[in-house]
Every structure is written in structure tokens, then in C-alpha cells.
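Below is one structure. I have some questions about it.
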Amino acid sequence: MKRSSINNNSEKVFRLASTVAAVLAALMVVLIIIFMLLPSLKALVKIPLRELFTTRWNPEGYSKSSWGILPFLAGSLWTTIIALAISIPISFLAAIFSTQFLPATFRPITDLFFSILAGIPSVIMGFLALTAIAPLLAKTFNLPSGLTMLNGGITLAIMVLPTMVSVLTDSFQKIPQIYKEGALALGASKWQAAIGVLFQFVKPAFISSILLSFGRAIGETMAVIMAVGNVAMIPTSPLQPGETMTGALAIEMPEAVANSLHYNALFLIGFILLIIALLVNYLSGLITSKVRVEIQ
Amino acid sequence: MLNEKISEISSLLSEMGGLVEDDIVRCVRTLVEKDPSEADSVINELEPRINALEKQIDEECLITLARYQPVAHDLRRIVAVLKIDKDLERMGDHCENIARRAKEIIKEPLLKPLIDIPRMAETAQEITRQALDSFFKEDTQLARECIDKDILVDELQEQIIRELISYVLADPSTMNKALDLIFTSKDLERISDLATNIGEETFFLVEGSDIRHLGPKDQKE
Amino acid sequence: MLNEKISEISSLLSEMGGLVEDDIVRCVRTLVEKDPSEADSVINELEPRINALEKQIDEECLITLARYQPVAHDLRRIVAVLKIDKDLERMGDHCENIARRAKEIIKEPLLKPLIDIPRMAETAQEITRQALDSFFKEDTQLARECIDKDILVDELQEQIIRELISYVLADPSTMNKALDLIFTSKDLERISDLATNIGEETFFLVEGSDIRHLGPKDQKE
Amino acid sequence: MALKIEARDVSVFFGNNQILHNINLGIEERAVTAIIGPSGCGKTTFLRTLNRLNDLSSDFRLQGDILLSNENIYGIDPILLRRRVGMVFQKPNPFPMSIFDNVAYGLRLQGIKDKETIQDKVKTALTAAGLWQEVSNRLNSNAFDLSGGQQQRLCIARAIAVDPEVLLMDEPTSALDPAATSKVEELILALKKNYTIVLVTHNMYQAARVSDFTAFFLNGYLVEFDTTDTIFTNPKDERTQRYVTGKFG
Amino acid sequence: MALKIEARDVSVFFGNNQILHNINLGIEERAVTAIIGPSGCGKTTFLRTLNRLNDLSSDFRLQGDILLSNENIYGIDPILLRRRVGMVFQKPNPFPMSIFDNVAYGLRLQGIKDKETIQDKVKTALTAAGLWQEVSNRLNSNAFDLSGGQQQRLCIARAIAVDPEVLLMDEPTSALDPAATSKVEELILALKKNYTIVLVTHNMYQAARVSDFTAFFLNGYLVEFDTTDTIFTNPKDERTQRYVTGKFG
Amino acid sequence: MKKRSDSFWVLLSAICYFSAVVFVIFVAVHLLRLSDGKLSLSFLFTNPDDGMTKGGVFSPLFGSIYLTLWVLVLSAPVGVLAGVYFAEFAPDNPITRILRNAIRTLSGVPAIVFGLFGLAFFVRMMNLGLSLLASALTLSIMNLPVIITTTEEALRLVPNSQKEAAIALGANSWEVWRDVSVKYASSGILSGIFLALSRALGETAPILLTGVVFYQPTVTLNPMHTFMAMPYHIFILATQHSKPTEALPIAAAAGFVLLILVLLARIFAFLYNRRVQRWL
């Protein structure tokens, strides 16, 4: 009897501590939103919405500052879309190869390689873009500098590849063997089984992995800074330089005076990034949870 | 699957019952119509068919038990059939006895006009039919009726024996013939007794209770 | 579980067999020793116990089939037991008949010294014991032997009937007594015949083949 | 009756392990042949050898011959072989598509494009699988919405839609509840009129109920092969006897 | 014989769904009571009500009384109740510890520290579960290294180590192969000499083989409750008859 | 016909797959090649020198590791406990569902946004100034979702049957957690923590705005101080240096060191993760 009351204490402490931790975590979510929102609102009050969607960004202009974020939006979109265009087919094919055609004994090694690829710090990827990919592009396309949208796109493609591959291989691997064998037993080839049947299972994960990669690519900072040249203009071809939203933040924020309009405007860009990230994650979560229900 | 097997077995049993009824009629008809061909068909046709059916039914029951693992009502039915086909087969044996004996009897003129023995046979046949009917229809009312009818057969048998003894006392040389008829009546009595067993199986099947050794049989015998 | 049930059933059957053997000995002993108390114990003690055992064995078999779903050898054993206990029960019935009749017979002096009837009884008892033995030991050799012995019983019966007929021819007033003895021998013949059925079940059990209606029985009867 | 499949002295190895030892077995046409035996005795391995599904394991090796209608299965393209020898698995494995597309899948694989042909064949297969009545008004809903038993019958429909000659079934009811199991068992009995069926089952009683022939495997050996009636009432081999009476292990 | 557990007019709700309807059932001491019925009829729910495991679901609600040795189980601390009413689950669920620690776990929870006492009790429990011989020489190896059947017997040993009065078993053999199943069944028969056992089973034949009493549930109602002999040879209710003869659904 | 096109696709997918694998090796080789023999043990233990054109990476290396320790201490307990709450105690109602999703969603928020938040909240609002603590807190917040989610997932993978077994033996929820859940989930939780640490080691953007400085040759244990960190050091050397040809080999060498550090954390995470899978 006595013992059981001791027990109850340990249980109560345990329960209380974890609840407190959860509340703390929840509090952080709220704080992030508040502290991102407040300066952004200040910026929105000062800067007319119309002006945001112009092509000129000049916060410290002599006569008049201009706050057009379109160059950054364009830079982010260019790099992100190039990255996805490259990484989607590659990761899809790589995932099929590693799950369907590679002997199972290789799979842990594969997983490790992709996990390592995902773990390469973004500065190192940026370093690579700067020292390996850009010179190659410059040579190939005969450009003065390889620091272009394409360079950023390729770098980002490599960076999101492991996420996509691992989401895809995970969901390919979760498909019970009997579905593959079911297709083979009906006279399908391995490729037909993978594309016709197994891919049906993977579809939602596929879409969600694209969304996730989109979020990652658009939010990536250091690698992109080092890859794209950072010129606040709207690139009209992948072979032109540009600057992304994240790049603008990382480069200008350290110099911005606290609570100035510049500072607040940069927070506004950050807030836009936050919204995009939340949206993308929310959508991909929606898809995955729907899949969970279906598989049950 | 099980249902099909059970109805297959039922129809085999019903066929066997039909043959046995036939058997009873024909073995006695040999006596009445003095027609040895009836006896021959009992001995050479019916009897082997009845025996074969018993084997077949047993086999089917065994296979059904092994393959379909029946329980409850289905199981009681199979067990009852295993018992009933044995009764029917023994009834067939008695008929064969009657037929063989009849062939001897009709070689000489009869001791007296046959009245009671055909009546016994008719009653036995009726009991058999009713008993089987009661089994197939799961009708305990009918089963009770046919079991009760067995007394009639017993009475007829006693009457026949009494009468035949008086014949023998009057003329000892009829002894052999009288004995044959007495044996015949005894066979018929056994047939009817076996038929009532079938009725008892109906009770077992329908009510799950065993009325054997409780019915009127116990009170007499 | 199943094994225990089966050995439980076997021991019940063996008990029943013992009672029936006893039954055969004692109903005939009534005649030999002119002791009505033997007959009474057959009628009032043994017979009810045998009947009760049949019901119990059937019940146990039914429960075993329902609960343990035996197949193959186990199943054949249960089915065989269902057949055998019916045989034993009918053997008991015949013993009761003998006992009842014996009580009447011994009220008056015997027609002739009893020699063949005790011998028949002994043989019948022996066949019964051997048949059950063969079943429990799954010994088809033994089963064949006891089935073959049935011929002895048949011969003895014929001999008895012939003898008794000659008595009656000599003195028709012995008719009633003679008839009683004839019926007694007939009962013993049935007992032995039923006992051979048990032997046949041994074949069914051991070899899975049904030798019924193939054995010597078919060739005679 | 004719033999549809014949295994002649078949031995199977995975790497250095011999899983099956000299199996000789003739599978009767238009009948149900059940394969029973304790876990790990090689039932599934034998079954999957018949449509060369084991070939997918790199360390699989076969000795002996397997004939399908007197033709060595290793002389047939595995993809064509698998169209002639359909398979139903232990767990229902409908594809994540509509009910209709599941059944049509095999047909489309064969290159059949004509809509009407496909529709006809899907209907026929679903009817044969006893599922038409239950699903005809929702052919376009997802196959995963069906109950487990219906899913398994859908898989059977999918297998028979391509008109195979043989149906291999590996414990097709082991994931189903009793009611669904008895439906599938009835279906198997109905299908044997048109197909040769090989049924692996853990459940001895199921073999007893639905099969015409039964093969008893033990440790990779074929111990006894006979009619189901005989195996369950009067097996010849002492080990079969022990297995079917549950006195094993 | 005395009643160990008595359910009086028990109704169970999950949220707004009534899962069990007015169940009245007396569970005999030192006997095996089987609960059978089609999938979803409420067998598991009833069983888990007896040790208040359903209380873990927030939307669980009970009406009526359940008495354990004439004491209302809602008057007992659930933790103490569960020590008196042990449970064995559908799938073997040994803890990821050594064999010894698995069996000792419940004892240690009770605060028993003395090594010898624990050792004695572990040995007794393993012996009672018929596992001592097989594992005595490797008590320290991981419980996961045992075969499925051994694991399930280990779980039984773990449950009986704390000397419960009642053992609840929810389809304890449904994840086992036939050989392991029959071992567990034998164990159940041996255990009933000392414990009151309530056995939920999908497998009618299992109920027939091992139980003394059988309760047939249907759609949350108790249809019939009688000795197993009667239920399987001569059930009174037409629905029981249909269920045990497999003519259901 | 069909077969040929099949093998074409299979070949193509093999190329895609292997190019990814080869790329990892290429990164290491590329860094090694560019580092031009700068790597040595003393490289690790000497401070940058001569306008960062000479010397080693001691102070940034120390900064990174010290920072990571702080992150570990700050984020692991809270993250794990919060994960426990969501897996074990959270009632199933809209509020907890929203919270859980909000936390999960945070894991996709770009690192730079966390940097902005850290700047606004820790540096300015909490008045921590540019400091290691502000950076550590920022990284901790960034890592919380990772740890919470992996903990929760790992705990969800604990078979319910196991927990019920313990409950049925009379264990309370703390005992269930201590005796059963931890055994199953510890690998998964550790894997999550290592994953978080590898991120803390490699991220630049969040610390960029909260405390990292580009040159500070003295190391201090005072968390209120600014600090150097490997990723930022590499960034500076590679892009902001006035003498690129001299700085580049050092940047590459430092990159290689960072790569190895991050990969070690990753490999631990990976190995623990595989242990989790083995349990299942």
C-alpha cells in the first residue's frame, strides 16, 4: 500500500515534467509566430503593398528607398524550380533502383550514403558550388562567372535529393512484398510491377516529398548565397545570377539597424518564408496522414 | 460441403431403408405366393445391395467425420446414421434368413393358411418406414408411435407360437415345419425390434437425449 | 486430451465387454446349476449396467467426436467403438432373454442333461473375449481366429436343434421345453455372431478396410 | 483424369541449404490438391517453384523437372508461365486501385486494350469469384475499402481474369475470419470445375474439407500423397498418421 | 464448485456505441471457461473488462457489476486487481529482457527484492508453464531468442509468477503454429488445476478441446452459456447451433 | 520489345542511383584535393593566424563543439519529455492535435527564419546580446521539433502489446515507460538527438544573426560571449576573404574537418536508427 503511493509519486512527477516540456515547446511555436509577425506588421504598415511587388530593392537609397521583393522571389523560384526539375526524376529513378533492383544486402549502405549526403552542411555544399560546379558551368556555357541560377539550382537539387530518395525508398520499402509478387505472379515484369502497382502506393509520399523538397530548397540559405552571385535583379534565364529571399536575409540582416524599416522589411521576407514553409509542411502532412488512414 | 455430404448420406440411408422394406415384403411374399424367385431375389440381389450400402454409408460417415468435423446436430445425425445402418443391415440379415427358410418351407404344403405372419411382416415394414420417416423428418411424435407399435408384433408372435405348438402337439411330425414358421416369426419380431431402434435414434437426434432402454421396450422384452 | 478420452472410452468398452462375458456365463449357469438367483442378477444387475454403459460410451464417443475432432486411426477407433457397443448391448439383450427363459425352464426337470448349450456358451464367451482382445490389441490374427470359431457355434446349434426335434418327435408333450432350449441355443448363436462382428471391427480399425460381408459369415448363414 | 503439373524428382536449394528433397508429385487437372505439413517443411517453397517465383531469390537452385501440361516450365518464358499459373497469396494483396482496375490489371498487362473485352472479362472473373453481386455497384471504389474476405476473393478474381490454367494458393484464408474463410473455401470448390488448384494450407481441416488430393510434406520430403479421403481416414505412413491426428512435435 | 468471477448485467460502451449488452455470466473456479463468437462480437472487450484494462480507453463506460470472489472489482485498486487477474495476449509479448527477468518482472513490481525468493518463484512459474526444462540452461539469454510457442509459454509463466487467481487469455494461440498451439493447450489444461482460466478463442475447436464451459457471444449479447459438452453436442439456441456447425454468415 | 525498354529504364535508374552515391565520395575527395596538404593534427589545435591565411581552426572548432554541447543540454531533455507527452499522455483532442502539427511543421521552417527569431527574441527581447547562449538557444529551438518528433515516433513504435503486458502485471505508467518503452525507444530517441546535433554542428544561418563572429582567436567558456564556428569560418574564408588563393586551401581543409564531424554524428544517428528497425 505504501509502495504504491511512492509509485504514484514517481508517476505524477513523470507526467508533470513531460507536460511542462510540451507546454514549453508549444510556447516556442507561439513565440516564433509572434516575433516574426510583429516586425513584419510594422513593415507592412509603412510599405504599401503595391511597392512590395516591384522589381527594385534599394533599402538605403539616397532619395527614396525602394522595397520591391520581386527579384528575391524570382531568385528563390528559379533556383527551387530548377532544383526540383533535376531532383524529381533522378530521385524517383534512384529510389526504384535501390528498392527494386539492388540486392537487399546493399540497402543499408545505400541508406548510409544518402543519409550522409543529406548531412553535408550547407556551407560545404556552397563551397562545392563555388569551387566545382560554377567553374564547370562557366566553362560549359562560356560564361564570365558560373554563379548563376542554374548553379544554385543544381546545388539545391543535390541537397534535396537525399530527402526525396529517402522518403521514396522508405515508402517503397514499406510496401509488403506480396504486392510486388502479386504483380509478378500476374505476369508483370519487375519494371512494370514497380511503375504500375508499387508506384500507386508511393504516389502520396512522392507528392509529399516534392512539397518537402520545395520547402527545403526555398529555405536554404548558405549554399545558395555561395552559388548564385547575389545580384538583386530578376533573372530571365537560368544562366544569369540573382539573389534569393534567404540570401537577402543572410547578407543584409547583420548590417541592418535594429527596428529600422530595413530591419522590419527583412523580417517581412522572413515571415513570407515562414508562411511558405508552414503551408508546404501542412500540405505534405495532410497527404501523409491521409495515407496512414488508408493503409490501416 | 458438409450439408451436401449429409444429404448424400441421408439419401443413401433412405435408399437402404427402401431396400430393407422391400426385403421384408418380398421374403414373406415367398411364403404367401409360394414363389421361390422372390426368395432368390432377396438372397442374391437385395441382401448384397443392403450389405454394400451399409459399407458405403459407414465409409461416407467416416469420411464426413474426418473431413468436415461436424458438431452438434450434424454430428448427432452422423452418429445416429452409423447406428441406424447397422440396424438396417441386421434387418436385412433376418430377411435373408426368412427367405432361405421360406424356400425350404414352400417345397411342401403349408401347415395352415398364413395369416399372422404376413400381418407381422406388414406391421414390421410399417414400423420400419415410420421409423425412418421420423428420422428424416426429425419427428419424435411419429417415432413414439412406431415404437409403440412394436407391441403389436410381439403379440402376433406369441399368438403364432401358441398356435403352432398346438399343431405340433396334435401332430408331432409337423414339428419341423412348425419350427420353421416359429423361426420366421422370431425373425420378424427381431426385425420390428430393430426398426424401433431407428425410432429411438430419432429421439437422440432431435432431443439430444438418449431414450434407449427407457422406452416401452424395457418394460417388456 | 484426445488420448485420454480414447483410453477412457476403451476402458469403458472393456468394462462393458467384461460384463457381457459375465452375462453369457451366468445366464447359462442358471440352467446348469438350476439357480434362479443367477438369472435374477443377469436381469436386474448386469443388464441395466450394460445398457447404461452403452449409453455412456455413446455419449463419450459423441463428446469426443465433437470436442477433439479425431481423424484417421483415432476416428476409426471411435466409429468402431460406436458399432461394437451396439453389438455388446444386443448380446446383453440375448443374455437377458436366455435368463428369463431359464427361470421358466428350471422350474421343471430338464429334458436331457445339458452338454451342448454350456459348450455353446463357453465358445460364445471365448469368441467375445478374443474379439475384444483383438480389438484392443489391434491384432487381426486373433480377430480372424475368433471369427473362424463362429462355425463351431453354428454347428453346435444345428446339433442341438436336431437332437431336440428328435425328442419332440418321440414325445410331443416336450414341445414347450424343447422350444425353450431351441430358443436358448438360437440366442447363443446370435451372441456368438454378434461377437464376430467385433472381430470384424478390428480389421476395420487396423487395416482401414471393411471386411464385413466378406468373411466366412457371408459364405454360410 | 490427366496430370496438369508433374514434379519429377524436384530438389530445391537456397544457397547451400537443401529445402526440398526429390519431390515426385502429379497434380491432377481440375481438382484441388492440398499440400499440408508443419511450419517450415517447404510447402510455400514448393508452391512458389511451380510459377518460378522463387527465381527471384538469387540463391535459389532447382534440380529435377517440373512439367506443365507435359512442357518443362523452364522452357517457358517466366512471364508467360505466370500468366498460365495464377497465384493467390496468404494475405489479401489487392493493388491500391479501383476494384475494376485490380481485375483488369492482368488483362492490360497482356496488352488487351479493347474496353468492352476488358469489361466483359472483369465481370466474368468477378462473377466466378462470387463477388459480382457485392461489388457491381461500386466497381470504381478503392479495393482497400473491401473487407478482408472480399479482398481475398478480389485477388482470386484478379488471378482468374487472365484465364490461367492453374491456380496456386498459399494459405489463402490464414488472414481471414471463419465466416470469410468458409466463403473462400466454397469458392475454391466451385473453381475446381474449371481450374487446377494447388492449395497450401496450415489448416489440416481445411485440406480435409476442400481438397481431392492431399500431399503431406515433412522437412522437405514428400511423405505421403493420396486422395484426401485416404489421408484423413487411413493414411499409410506412420508420420502422416501422427500429423493428421495432431500427435506431432 | 464456486463462482470466481461473476458478471451481473454488464453492459459496456465505447463512446456512444454499446459493445456489450447485459451480460450475466458466472465463471467457475479452477475451470476453463471459453468465450467464442464471430469477429467483433465483443469477446476481447469482455475479457479486458475483467481486469479493467479497458479503463485505459478514455471513452470506455461500464454498467452493471463484476465481482471477483464476491468483491466488486471497482472497489479494488486497478493495479492490485491486475495482480490478481493475470492476462495473456494474442501475440506473444515477452519484454526485451532476459528470460529470467521477464518472469521476475511482476515480482519486482510488487517490491520483492530478495534474490532467492525471486529465483524460487521464477523457477516455479517456468516449471508450471512447462518451460523449465527447455530454458533452465539459458535463463539469461534474451527472451526474443525463443520460438513463438516458447515465448507464449514464457508469457504465461510471467503471468502466473505473481500468483494470480484468474488467468485471462485472449486468443493465446492465434499467432502460433499447430505444434506450439497444442503445447499451449496442454498447458492450459494443466493450469486449470490451480487457476481459474477465461479463454477467448476464435477457434471453436480449441474451445471444444480445452474448456469446461463455453459462452457464445453474438453482437455483444451472450447467447448461450453451458458446459462445453452441451454446447458442442446439443446446444439449445438455434444461433449457437448454427455457429458451431459453421453455418454462420 | 517490352523487355528492351525495361532494361533501358533499369539502366537509367542505376545511373541516377550510383551518381548520387559517387557524389558523396566526390565531395570528400574534392575537399581533400583543394586543401592542398593543409590537414594535420596541428591544424586542429592552432588558431587562425595572419589574417586567417595561416594557422589552423582551433577556435572555430572549439566554438562549434562547445555550442553543440550547449544545444544538447538545452534541447534534449525538453524535446524528449515533450515527445513523451505527445506519445503517452496527450489526450486526443483538437488542441493537442493542433499543437502536435504545429511542432511538426516547425521542422520544415528554414534555418534562417530561426535565425531571425533568435535575433528578435533571444538577442534583443531577452537581452542576451550576440552570444553563444543566444545561438545555442536558437539552435535548440530549431532542433526541438526534430527531437520531439523522433521521440514521439520512436515511442509510438513501442508495441502496444508490450505496454499492455506490463500494465496487466500491475505496472503504472512510469514503470511502463521505465521498463518497457525506454528499451524499445532509446535507440530511436538517441538517433533523433544525434541527428539534431549534426544539424547544430553544420548550420550557419541561425548563428549568423545571433552570436557568431568572424574572428576571435581566444576561446572562452563564458556562454555570454561571442564565438567562432566552423561553418561560418568556412563561409568567410571561401567568400569574403581578400586573398582567395591563400584562404581557399584552409577553407577546404576546414570543410573536410567539419564534414567528418557532421558525418560522425550522422553515422551514430544512422546506426541507432538501424537498431530501432531491428527491433521491429
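A, B, C, D, E and F label the chains in the order they appear, each numbered from 1.
Please note the rule applied: a residue touches a chain if its C-beta (ideal position, glycine included) is under 8 Å from a C-beta of that chain, and two chains touch if they have at least 3 such contacts.
Small disclaimer: the values here were computed from a predicted structure and weren't measured.
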{"item": "Grouping of chains that still touch (sans chain A)", "value": "one piece"}
{"item": "Chains touching both chain B and chain C", "value": "D, E"}
{"item": "Centroid distance [mean C-alpha coordinates] between chain E and chain A, Å", "value": "51"}
{"item": "Chain A-chain C separation of Cα centroids, rounded to whole Å", "value": "94"}
{"item": "Distance from chain E to chain C - Cα centre to Cα centre, in angstrom", "value": "49"}
{"item": "Of all residues in chain C, the ones touching two or more other chains", "value": "2, 62, 66, 69, 71-72, 75-76"}
{"item": "Per-residue multi-chain contacts in chain F, two or more chains", "value": "172, 175"}
{"item": "Contacts with 2+ other chains: residues of chain A", "value": "7, 189, 192"}
{"item": "Chain F partner contacts - residues on chain E that touch it in the complex", "value": "51, 53, 56, 58, 79-80, 82-83, 86-87, 89-91, 93, 95-97, 105-106, 109-110, 155, 158-159, 162"}
{"item": "Residues on chain F engaged by chain E in the complex (per definition of touch)", "value": "91-92, 159, 161-162, 164-172, 175, 179-180, 183-184, 279"}
{"item": "In the complex, chain F residues that touch chain A", "value": "2-3, 6, 9-10, 12-14, 16-17, 19-21, 23-24, 27, 30-31, 34, 77-82, 84-86, 88-90, 99, 101-117, 119-121, 124-125, 141, 144-145, 148, 172-175, 177, 198, 201-205, 208-209, 231-232, 234-235, 238-239, 248, 251-252, 255, 258-259, 262-263, 265-267, 269-270, 274"}
{"item": "Chain F contact footprint on chain A (complex, rising order)", "value": "7-8, 10-11, 13-15, 17-22, 24-26, 28-29, 31-32, 35-36, 38-39, 89-91, 93-94, 96-98, 101-102, 108, 110-124, 126-128, 130-132, 158, 161-162, 165, 189-192, 212, 215-216, 218-222, 225-226, 246, 249-250, 253-254, 258, 266-267, 270, 273-274, 277-278, 280-282, 285"}
{"item": "Contacting residues of chain C [partner chain B, same complex]", "value": "48, 51-52, 54-55, 58-59, 61-62, 65-66, 69, 71-72, 75-76, 79, 82-83, 86, 93, 96-97, 161, 165, 168-169, 172-173, 175-176, 179, 182-183, 186, 210, 212-213, 218, 221"}
